[in-house]
Amino acid sequence: MKRIVKGISGRLGSMLAIILMLVMLGPAQSFAQKPELIPVALLGDLTGPYASVVGPMAPGAEDAVKYVNEKLGGIDGVKLKLTVKDNTGQAALGLQQYAELIATKPKPLFFGVPHTPTAEALRDKVRQDGAIGFFPSSIADLYPQGNTYGFYELYAGMAATAVKWVKDNWKEDRNPRIAIITWDQAYGKAILTPEFFAYCKEIGVDIVAQDLFGVRDVDLTTNLVRIRAQKPDWLLTNCTGSGPVGIMRAVKELGMDVKLLNMVGGDWGTIRLDPSLFEGCISVLHNISYDSDDHPGVKLVKQYLKDNNRSIKEQTNFYILGWQYILMIHKAMSDAVAKVGWDKTTVQSIMNELNHFTDWQPLDGVVKITYTEKIRSTPWLVIYKVEGGKLVPAGGKGGDGNFVSAPDMTPKQFR
Amino acid sequence: MLSLVPQFFVSGLLTGSVYALIAVSIVLVYKSTRIFNFAVGELLALGGYFCYSFVVWFHFPLWLALVGALLMAVVTGLLVERLVLRPLLGQPLLTIIMATLALSVLLRGIMLMIWTGYDVAFPKNLLPGKTVVVGSVAMSAELLWAFGIAVVAFATLAYFFVKTQTGLRMRAVSQDHELAMSCGINITVVFALTWVLAVILGTLAGSLMGYRLALAPSYTPLLALKAFPAVIFGGLDSVTGALLGGLIVGIIESMVGGLIDPTMGEISAYILLLAVLLIRPEGLMGLKRIERV
Amino acid sequence: MWRPCGIFDDTYEKDISIVRTLPQQVLTITGLIALLFLPQLLGAGRITTVNLIGISVVSIMGLNILIGLTGQISLGHSAFMGVGAYTLVMLMNHLGFSFWLALPFSVLSAGLIGLLFGLPSLRIKGFYLAMATLAAQFLIPWIIVHVRPDLTGGTSTLNIAAPSILGFTFDSQVRIYYLVTFFAVASIVLTRNLQRSKIGRAFVAIRDNDLAAEIMGVEIFRYKLLSFFICSLYAGLAGALWAVWMGAINVDSFTLHESIWYLGMIIVGGLGSVPGAVFGVIFIRALEPFSHYIGPPIASYFPDAIGAAIKSGISPFVFGLVILVFLIYEPRGLGHRWEIFKHFYRRWPFSY
Amino acid sequence: MISILSVNQIEVSYHKVIQVLKGVSIEVREGQIVALLGANGAGKTTTLKAISCLLRAEAGDITGGDITFMGKRIDRSMPHYIAKTGIIQVLEGRRVFPHFTVEENLRAGYLGSSGESDIREKLETVYSIFPRLPELKHRVCGFLSGGEQQMMVIGRALISNPKVMLLDEPSLGLAPILIAKIFEIIKRINDEQKTSILLVEQNALAALEIADYAYVMENGRIVMDGPAEKLQENEDIKEFYLGLSSVGSRKSYKEVKHYKRRKRWLS
Amino acid sequence: MVADGNIKLEVEGLSLSFGSVMALIDVSFRAREGEILALIGPNGAGKTSLLNCISGFYHPRHGQVRFNGLEINRVSPSRRAKLGISRTFQNIELYKGLTALDNLMAARHVFIKYGPVAGSIFFGKARKEEIENRSIVEEIIDLLELAEARHRVVESLAYGLRKRVDLGRALALEPKLLLLDEPMAGMNVEEKEDMARFILDIQELKHIPIIIVEHDMGVVMDISHRVVVLDFGTKIAEGSPQEIKRNEKVISAYLGKANQSGERAK
């Protein structure tokens, strides 16, 4: 009998203990007028399929919190506290983590969710729970506008900017021919909106092919052979990591003479995988390149990368996005507190500040942000060309200095 | 479009050789242990990472890195067999299959710890050769190498199984465990050897594809999903079948993807799989011992 | 079926009932009351996970019938849940159905699709059949994404309105909890009943000896299909609840990975045992967020350089390791342990 | 004659619960044929598997007693070790590797590592004992007839020159003519190769004819043993295993309704 | 003894082949109400194949099986079970994960009418039917002295007990024709005596034709009314046990050796 009891208490007991611990664990905090801390949440896919894009955002936000708390004195003296959760690309896990965070006291007012399916699932919940969400910019995350903001321009807007750049630099009589080849999932297909296709038609760019491929496709020769038959001048994609590598590899092997137009996925994380492949390709980013060595904002960010022993793999535009996220919170909330005082600071008053960001340039202009009541994705973009493994400005019309303003791709019903 | 058929065919064939490597890896384990190895994807990614690390961290030439990765594959195979499968010997099969699933999660964790979740890529131009163009058909040097290495691997494997006493014993074990034991065959050694071979094949596939594209714990293991229909095409029991199945899946995927719609490439393999299962449930080369009503 | 010492059944009616002794009745009622107040006990934060557990219990009850009782393997369970979820959302969003009107359709549609993919069981079984259902796991998402993206949303997410009944809207996780718990308890009771009925016996007969079953009058093919059908009905219901739980559905939620994990829950729980399956669900569903919860603190015990490196991988590592160790020490599943515990209790105080 | 294999009071249970053997002792002396008789489920096969250590694969355990072979304890070993030391079991039901040819099957039984020439030599020895086998050597075993399979199976066991051969029901499901032939071969192997044989049989008559010594098992126990000639004369054996106690004088099955006869050695 | 009742089962010109091997060649015989018909012959003579043809598992190439005057050649095994053809198996094909009681209840399948929905709710009609059928099964448990095995999983039962559960399961089908495939294989004399007693009891109670395949000549000669002898797939003799014992053909093909050795070994 003893043996049995021991067996049961040994095994079943440990199982139960795990479950019980899960039940019991849970922080409890009290609420104050002027809070002791301002909790900020980041729920991202840090190790799953989007990791190479999203992953560096967590260290970016961590470093920025350090910067805000140490250098800027927090928000009116109150420090930010960042909680990072990794949902490994599963919306269901993201929802659970969100629910757990929103139930803590004080609850975080800000949720950065750089993962499209999770963001899409949380859009309505964030509004219901009276928090503010910063999401990647597919239309379904942001509209109808509620408490949601895009980290950057809509993917379709970026694509339109890229296409416009091609048109602007076009020398021949005929229309430029562009072939789309992109990932067959939410992020990859976020550029394929009716507004985008209408815009292409409007400015005189021919979309000659649309090809989709899967994340686990290892050889894109077949896709590119199909595309080659349509004789495109440029390829347009919205993917990252192995995606663009696969495309350009097949392009090279087939001896095609086309270059790639990419969005945020075409940043350093991708290009570093094989710089020679991407020579001459275009990336539409929302921030200044790390290669602008004498830019003070870039210097600051690089200093933090170095001081915190970040690896080169974390030196990507999502690292900067982490900074942007924290700095936006800092500015909006500081302004709100300065205007109405702590006791009247509400989500609405913070959103009032956010909605009046106009050409705000944190980090000395590494990024440029404009939000309005209607426009929830900041339209400022920089167009870069890959040259010698570096991202150098490719110029572009319709902006000031480095930044260009993206054509408005907001769906008509939400304008 | 029809003029492109030769290109589609060749591309499919070359990629199919990599699928075949994975399919054979699955079949080897299934044949001798009746275990469907759900961890094959993670094992192949791990192999790819080993090869990458030898190149990048220790600056080995590629061939030596591959040899190193294969040695690591031997170690991994032995460890997997010893730590995961042997303690479960004699337990219900589904439990062991479940254990391979848990193993895949565990391996993912290990990969994330060592190499992080970010994409990594090999330095380029380690493999000699340029794209070969025959007529209108272009063949990538890397895929040709992959094809060549796969062919060598299969030839070695065939020689090993047919000509050596150990190979004979392994084949014997795959037919009847108890009988093999009664004949004095040490089946734990055979199982360990099976896992080693399976991990070696996975390592080859992982290294080749990792070299061609990039490696990440999230998508590199997904490559294994490509091999699942290949395995059934050939019949779970047949190494030759898995080999052919891999090539066929590669070709179908490329042909359907090229001629109809690229997104249909992958599911066309599964549709055909359903058809094969209904018409010839034991697969193309499956043995008659199949479970059937 | 063993009863505690000294308790005998004097009618067959008593012998076949599930809850028969006073302590059992007391326990059942206390358990149900505890379920009612669980949200208050656990707090709103954890109830989301509890809801997922409830949904998975519904789902696993179906799979338990198919795998545990009938002995057929399905690797497409998550896809069948997707069918239920998408049917529900499309009926609600495009045809303006209420949740309660759409629910039967979504359950039925999943059942019928499951039936369709069960057809190969006419000719094949074992792992080959599993591979046929694997095809479902690739075909169904493909159809959702590519055939009518205007209706299904393609790869992007479809949001739905919260269902309501008699003015009570299930718009928060605590409220959804009651909806989910109702269906979870109902499916446990229904499965338990089905198991001890004619149908359950026929299923087990097919699992244990299909030739004998046929000769003893069981129409094998019909019952295999029935099993697939019932299994997928549960999947459809679980899918519909999933849609309510998330408030939104995306094709990414219904992956092969999920399907394999449902299989895993059954195995961790112990094949064919209803309480085991429930334990299995709780074990896996609680362990995953838990591993993400404890992962970072564990990593922080290590020196900085190592800690930073292992932080990203610690959660899956813990998750995989716990399951592996569990399987090695308890290969017959939690249900088996539960049986031993019950056995011990019943003989108490006369054990050994 | 010296005893080379001795089983001492072993107890075996499956899944740590179901006890199958309850103290079984058997002795095999050098050059002997020992028969182990008994009805279905008596524990004969389990005894053989306990010796060859194949039990473990079926979740069976030796919970008491020991087994020694040439003075060494072997009950804690692995099956392949047992085979290497010279005990080969021929499993019940003519188990062949069905997809192998005859020659591959025989090779699979080869345990040495001395290379091709040694294998050839051993193969020739087997072929000389079974002249039918060389004709079949490239045929796939699954398609052979029962008798041919049985010869192949015994041949495979012989290829590594075992000191003791454990034969499990070699006559099962064979035509009477073949049964006679198989027993003749067993006797010949015993004579010519000096292999000791432990023979499990239900066909008590045929087994006692070639055996030197025999044990009778019932419900996991040895209930009787003795030299074969003696057992052949035993009344109980005659009645219960040979059915010899004259059809005429035996009580008809029709009249057993309310009458049960107990075995003498049990009551 | 009754051996001249109505003809229940007619087998006419049955031939069965596996590939090129002929398992049965033109076999005909009849079984009457209330008789025990033994089917004997050496291993591989086609006895089990013949049973499989009657229970519908094999489909004969030629010939007919008629049951109660009904041609059942194209009827599926499960339909035949509904008609009342029930059998036991040579190697005990029980549902090993179920208890003895559930094994018997599973055989009541064809008598229980409620559907899946009622089964899931398990109230009212379903409950009533369960209890009705349970009492029938309990009678069989009484008859075959299976009470101790009632709630035990059959996998854990002893061989002899499992054989009895197998018989009980066949009885639970309320057979109108009972086929027993080597019910005494591997038993010792004592167990054989028990089994013989059960078979005779059943014959007395139910008054149905029982076809029994058995190797033990003692049993066959004692309890059967008529004997059919098969050799290499053909019927070589048919008649009362006394006639069979004297039949020259049978002696040379089968009993001859058996007489020599007393009983033919299995």
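Should a chain be cited, it is by its letter among A, B, C, D and E, assigned in written order, with residues numbered from 1 in that chain.
What we mean here is this: a residue touches a chain if its C-beta (ideal position, glycine included) is under 8 Å from a C-beta of that chain, and two chains touch if they have at least 3 such contacts.
Please read these numbers as outputs of a predicted model, since none were measured by experiment.
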{"item": "Other chains in touch with both chain A and chain B", "value": "C"}
{"item": "Number of steps on the shortest touching-chain route linking chain B and chain E", "value": "2"}
{"item": "Required steps from chain C to chain D (each step between touching chains, minimum)", "value": "2"}
{"item": "Most widely separated chain from chain E, with each centre as the mean of CA atoms", "value": "A"}
{"item": "Most widely separated chain from chain C, with each centre as the mean of CA atoms", "value": "D"}
{"item": "Chain centre separation (chain B, chain D; CA means) in Å", "value": "43"}
{"item": "Geometric centre distance via CA averages, chain E-chain A, whole Å", "value": "73"}
{"item": "Whole-Å gap between the CA centroids of chain C and chain E", "value": "42"}
{"item": "Where chain B and chain C are represented by their mean Cα positions, the distance between them in whole Å", "value": "32"}
{"item": "Multi-partner residues of chain B (at least 2 other chains)", "value": "112, 116-117, 225, 263, 266"}
{"item": "Contacts with 2+ other chains: residues of chain A", "value": "46-47, 55, 89, 184"}
{"item": "Set of chain C residues in contact with two or more other chains", "value": "145, 220, 312-313, 315-316"}
{"item": "Set of all touching chain pairs, with the criterion as stated earlier", "value": "A-B, A-C, B-C, B-D, C-E, D-E"}
{"item": "Of all residues in chain B, those that touch chain D in their complex", "value": "90, 165, 168-169, 171-172, 175-188, 287, 289"}
{"item": "Touch list for chain C against partner chain A, complex", "value": "41-49, 52, 145, 153-157, 159, 171, 173, 245-248, 250, 252-253, 282-283, 286-290, 292-293, 305, 308, 312-313, 315-316, 322, 326, 329-330, 334, 337, 340-341, 344, 351-352"}
{"item": "Partner chain E, residues of chain D touching it in the complex", "value": "17-18, 39-41, 171-176, 179, 202-206, 218, 239-240, 242-244, 247, 250, 252-254, 256-257, 260-263"}
{"item": "Interfacial residue positions of chain A with respect to chain B in the complex", "value": "46-52, 55-56, 89, 184, 211-219, 221-223, 225-226, 229, 241-242, 245-246, 249-250, 252-255, 269-270, 272-274, 276, 311, 313-314"}
{"item": "Touching residues (chain side chain C, partner chain B) in the complex", "value": "120-128, 130-132, 134-135, 138-139, 142, 145-146, 210, 220, 256, 260-261, 263-264, 267-268, 271, 309-310, 312-321, 323-324, 327-328, 331-333"}
